[in-house]
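For reference, chains read A, B, C and D in written order, and residue numbers begin at 1 within each chain.
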C-alpha cells in the first residue's frame, strides 16, 4: 500500500503531444479512477505508472520513491505494482494456479509459502476449485478474476487496472465492479483504475479524475462531487445522458433561447428560484438537467412548469424513457417504471404534459459551470 | 520499453537482427545489382544492352513470362474450381478430397516432370507408345517437351497454392454475406458469380501471385522438359550460361543481369497484385461460425467426384507409380515386365557415394537451415512485431525481400558474397548452400513467426513484467512457450521444401555437396534415367514419410493451440 | 522441445564437421567418367591406399570446366586431378600453366594417338564412340557414316550437346574435320538433332525416343549388358578420343595425386577400365571380347585425325556452329 | 388473418432440440421480438422463417401461403420468399459500393434501371446515406454499414423484415439511436418486423409484442409491459431486468423472509408450499420513514441493514440484508436514502411469488 503521484508528466509520440504536464496524487489505500473518452491518453498514463512507457518530462513516484523521470525509468518489474489488463492477459499455457503463482516464483518465494499464498488469493476472488483449470476452460469473468488474483498475490504497492471490465457482458460487468470494490476494501490496496465507462467509475471510486479528449484533466473529486457539481459542460455530459437547453437571460429571468432554436416558442423557465442570474457572465447560457430530473405531470401548471409534447415513449424494463419536445428542443426524460405506473405517467405519444426541472445545472455559453 | 540510452537488450537484439538480414539478404542482392550494372566500377549499360538484345536471352525472358503466365492461369483456374467444389458444394467425401488435393504439394515438381517425361516424351513415352499402338498412329499424339507441357506439369503441382488460399477464405467467409444475397432474391449460381467469387478474389490473387513468383523462377520442370528442345526460361538459361561458358566471371555477370530481369519481373508482378488488390482489401471473416450454404450438385455429384479422384490419380498416383517402376527397370527402354525388373538401382543408391552424399547432404542442410532460420526468424519477428525501436522498418523490408527473390537470384548473390570477396570463401562447401537456404527461407520463417507473435497480445508479456519478471524471464516463460507451435510449424515449412530443393542448390553444389534434387537432376542429365528414378523414389518415400509424421505432429500442436487460444 | 533441439544440433555437427575437418591426405578428382567406372576405380584405389581420402566429382566435361573456372576465379581450387575426354581443355590449361608436370613411371606403357611431351597430362583411357542404335528400330547395323543419312534414321538421330559433353565436342570436331561440315548439314537435313549429355542420348535411344545416336562405348555396352534393346557399331573411320589425366599445379595433395595417376595407368587400373567396356591405353591389358569393341592399336589406326591445338582455339566456334546447324529449322 | 403463422415448428440439430413445437401468429405491421439468452433457439427460428433452415416438423405460412411444411413436404427457398433481412455482422458486400449494395436485390428482380435508381435513392434517403452512394462499405463506420443493410432490405419493399441481432455489433450510444431509427422506418414503410435479440431493453423499446424463449421453448408471449409486469415464470422475471429472489418460509399463507425474526408477514398464495421465493425488482422497494411498528401492515414494513450503498449517478444502488436474504434496491438519487451500515425500514411494494424450482 502506497500513495502514487504524477508531477507535470508529459509524453509525446512523434509530434503528437499526448499528455501535457499531468499532475495528480492518489492517496494510499484509495480507489482512484481516471475517466475519459477512448483515445484521450488515459491508458498512456497507466502505462507510464507501470513502466511500460517512460515520460518525456516530469516524474512519477510510488510510495514517495521516484520511479520515472525523463532521464531514468525503473523497469516495470522493479516497481512492485500489480496490473490488470482489459484483455485479461492471463497466460493461456498456464493453469489458474500457475498463473497466480508465477509472480511469487519470480520473486523466489519458498514453495510452501507460494502454495498457501496462491490458495488464499484464489479464495479471495471466488475461484476455489478451479485452480487446475486452463484459461480456455474459464468464462471471461473467471479469467478476469485470475488476472485480479495474479495482480494481488504479491501485495503490490499499487494496483493498476486498465478497463478491466470492458470485455465482459453487461450483467457480469455490473457484478464485477462490486467485487473489485469489495476486494479493495478487504485488502486496502491503492487502486488506480482507468475507464471510459462513467457508471463503473461512479460505482467504485473514492476519487475520480475526468479527462477530456485532448488529455486534459478537467476535474478531480469524489463521485458525487463530480456528478453533482460538474466543473463544466464536458464533465457534465460525459457522466450521463445530458439535456441541454439554451437559455437567454432577460431582466433576471431565464427564457428558452429562441435564437438558438429555430421555431422555439419564447417560453419563460419559471419557478427556478435558485436561478443564479447575477453570476452569469453574459446574456446567454445553458440549462442542463438529467433525464431522471425531468419531472413530468399530466396536468400543466403554467406557474411552475413548461409545456412539453411526448414524442416517444419507450419502455426499457425498469426504466421508462420519454423523448419530449419543449418548444422545438428535444429533451430526454426517464422514470422508474413502477413510479411511472403508480403515478399514471405512461403518457401516450403525441400527448402534452407539464415538465419541471429538478436540480438544474447552469452553464455559461462556453460551458463553464455557474454555481 | 527502453530504459535510457545504454546498449539495452532491445538494441542488441535489433542490431543483431539487422546484421543477420544485411549479411544474409541485403549484401547478396546489392552485389547482384552492382555486378549487373557496373563493370570495373563503370556503369555498364552497353553490356546490359548486348545481353538483353541477344535473341537467346530475349527468348528466355519471353519463355519465362509465357510459362509463368500460363501456369498461373491454369493453376488459378484449377485451384479455384477445386476449392469451390470442396468448400461450397455437397461433393461427397469432402474432407478426404480436401486432404487429397493437397497431396500434389508434397510431390516435388521436377520429379513429377521426370515421370511425365517418361510417360509422355514424344516417341519413348509409355503413354504415347500405348496410344500409338492402340490407334495405329505414326506420330506421338502428345508432346510433353513443349512450353505447353511445361505449363501443364507446373500447374499440376502448383495449383495447391491457390487451392489452399481460396479454400481457406471460402471456409472462413461470413456466411451471412451470401445469405443476404439469397434473401435478396439471388439464386446460388448468381451468388457464386456476383458475391462469392468477387469476395474471394483477394485470396485467388494471393494464390496466383505465389504461383506466378514460383513459376517465374522455377528451374526443375523447364530444365527437365525444356532444355532438350532448346526451350529455356531464365533460370535454366542462367544455369546453362554458367555451365556452358567455362564458368568465366563473364557468365556470372550475364547471370546477374538475367537475375535482375527476374527481380524486376517479380517486382512488377507484386506491384500488379497490389494494384488489383487495392480496392479489394476487405474483411470477410465472420465472428460467429455458421455453416456456409452448399450448392447441391445433384446429377453432377458423382461425375465431379470421379473427375476429382481421377485428377488426383493422374497427377499424383500415376507419376509416383511410374517413378517407382522406372526405378526398378534394369535399364531404361525396357518394358515393365517382371523379367526386366531389379532391386539393383535402389540398392545402388545407398552404395554410390554421390547418391549417399546427396541424401545425407539434403537431410542435414534442410534440418540445419530450418533450425537456424526458425530461430533467426523468431528473433527478427519479435523485433518487428513486439519491439518499439527505431529502425525496425529496415527489418520489415529486408525480411520480406527474399519472398520476391527467385531462388536462382539468391544462389548467384550468395556466390558473389561468399566466394572470398569478403574474406570468407564458402564456395564448394555445404555452408554456401546453407547460407542460401537461410536467405531463401527467411521470409517464410518471419511470416509464420510474425503471425503467431501477433496473436500473443502485448499485455501477456507486460503482465509478466508487472509481476516482477525481467524482459528475458518474460520471453522465456511467456512468449516462447506461447509461440512454440508457430516456431515448430515454421521449422517444417522450411525443412520440407529445403529437403527437395533444386533451383538454388543446382547453382551452388560442389563436388561433394550435391543435394537430392541436384543428384536426381544430374543423373537424369547424364542419361542415368533409371537411377534418377530410383533416387527420386527414395526421395519421395522420405518426403511422404516426413509429411505424414509432420502432419500428425502439427495436428496435435494445432489442437493444443486451439486449447490455448479458445 | 529441448531434446529435439539437442538432437538437431547433434545432427548438424555430425553432418557438417566431417566435411570441414581436414584429414591427413586427401584427393579430389574431377572426371567425366560415369559413376559405374569411377566408382569401381575409387573402390580399388581406396583399398590400396586406405590413408587417402578419395573424393570425386563426376559430371559432364563442360560442367567440370565451369566449376574449375569458378574455383579459380574464387581463388580456392578444390580439384587435384582432372580426368575428362575434352582434350582441348587440357591444352588450354597447359597453356595457362596451371598443370603440374608428372611423368608417371607407368607412362612408358601408354599407347595413344596423342601424347604430351611435357607430361603435363597423360592419356589414361581410349574412349571410342560408335553408332548406338535401337535394335527394334534399326534392323541392319550401320557400317559407315553415310548410312545415317538414310530413311531409317530420319528424325531419329542425335549427337550429344558438345557444350555439355567433352566426347561430343571432340567428336563433332573430328567429324567436321574428316567428313566436313557438309556432312553435319546433311545429318540435320535428315532430321538429326542435338541431345543432352552423352549418357542421355544413349538412354533416349534405348527408350526408342531416338533410333540411333553417337554413343560412348562403355555407356552403351553397359546398357546392352543390362538388357537394353541396343546395338553398337563402328563405321570405318572411328572416333577415338583419349581421356587424359592431369594434376593441378600447387595442389597440397601432390603425392596422393601422383599415386592416383600411377594407379590409373597401372595394369590394375587399366584392367578395371577395360572391364568396363572401354579401351585401355596399355597393350598388355586385354579388352572385353564379344561386345563389338576393337583392339586399341586397330582403333588408333582407324581413328579420325584431328589437330587438338587447332581445336583448342576453335572450340567455342565449333560448338556454336554445331548448335546453330542443329537448331536450324 | 395473421400475416406470419408458425404451427408446431420444431428443429433438431442431432440430438439437440433447438426449437420445440413453436406456435405463433404475427399480425401485419406488427413489430415482434424474439428475446432470449444465446442458444435459446431464437436465431434458429428466424432462420427457419427466412428459409435458411428447413423445418423438421410443423408448418410455416405467410399471408396464408405455405412457405415450409413438413406435412406437405414443401420448402420454398429463401430467394423466393421476398423478405428483407438484416444480419448482426452487417453482411454488406465489401466489393460493391453503397449504391450497388442496395441496388443488388432490385437488379436480381430485373427491375428497370430508372426504377432501380429511384428506389435506391429513396432507400438511401430513408436511412440517411444519400451522401455515401459511391463509397465502399469498408470505408464506413459500423452504424453506416448497418444502415446500408437496412436500406438494402427496405429497397425491395418487403412485407416482412427479419432482423437478427442487428445492433449487437454497435456501441451503446449508436445502439440506442438505431433502434429508434428502425422503429421510424417501420412506421414509414409499414412492414412487419421479426426482431431477434438478447437485449431486453432493446426488445421492450421496439416491440408491439414479444416472445421470451429459453431452451427452444416459448416461455411467454405478450406486450412488453405485460411481460414486465406479469412474468410467467422465474426465468422470464430474471431475464427481463434486475431481480431479487428472496427466500421465504410460509405457514398458513403467511410468508416470512428466511432467517429473519420479523413478526410482520406477507400474504402468500396458498399453492406454494412451505418454502418459496418472493420476487421483486430493485426499483419496487421503498425506504419508508414511518416508524417501524412490527404490526401487520400490508405490505409490511421490514427492518433491514444497509450492507452497501453505491452511488451510480442518477441512481443509488443499495444492498440491504434481511435475515438470510440480500435485497438490491435502486432509487433515484433525489430520493433520500439511508447511509451504509445503518438500519432502515423498507417496504416491498409489489411482490411476485415463485416456487423453489
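The definition used in the following text is that contacts are C-beta pairs under 8 Å (C-beta built on N, C-alpha and C of every residue); 3 or more make two chains touch, one makes a residue touch a chain.
Keep in mind it's a predicted model, so treat the numbers as computed, not measured.
Colleague: Sort the other chains by how far their Cα centres are from that of chain D and give me the top one.
Modeller: Relative to chain D, the chain whose C-alpha centre sits farthest away is C.
Colleague: Where the centres are mean C-alpha positions, what is the separation of chain C from chain D, in Å?
Modeller: Their C-alpha centroids are separated by 89 Å.
Colleague: Which whole number of Å gives the spacing of the CA centres of chain B and chain C?
Modeller: The mean C-alpha positions of chain B and chain C differ by 36 Å.
Colleague: In whole angstrom, how far does the Cα centroid of chain A sit from the Cα centroid of chain D?
Modeller: 28
Colleague: Report the complete set of touching chain pairs.
Modeller: Here the touching pairs of chains are A-B, A-D, B-C, B-D.
Colleague: Residue numbers of chain B touching chain A in their complex, please.
Modeller: 1-4, 457, 459-460, 462-471, 473, 477-478, 481-482, 563-566
Colleague: Which chain D residues qualify as touching chain B in the complex?
Modeller: 50-52, 77-85, 87-89, 91-95, 104-105, 108-109, 136-138, 149, 152, 156, 162
Colleague: For a test of understanding, state which residues of chain A touch chain D in their complex under the given definition.
Modeller: Those in contact with chain D are residues 178, 181, 198-199, 202-203, 223-224, 227, 239-240, 290-293, 312, 314-318, 321, 334, 336-339, 341, 346, 358-359.
Colleague: Within their complex, state which residues of chain D touch chain A.
Modeller: So the residues of chain D touching chain A come out as 180, 200-201, 204-205, 224-225, 228-229, 240-242, 281-284, 308, 310-315, 317, 330, 332-334, 349-350.
Colleague: In their complex, what parts of chain C are in touch with chain B?
Modeller: Residues 1, 5, 8-9, 11-12, 14-16, 19-20, 28, 30, 34-35, 39, 42, 55-60, 62-63, 65-71, 73-76, 78-79, 134, 156, 163-164, 195-210, 219, 223, 226-230, 327.
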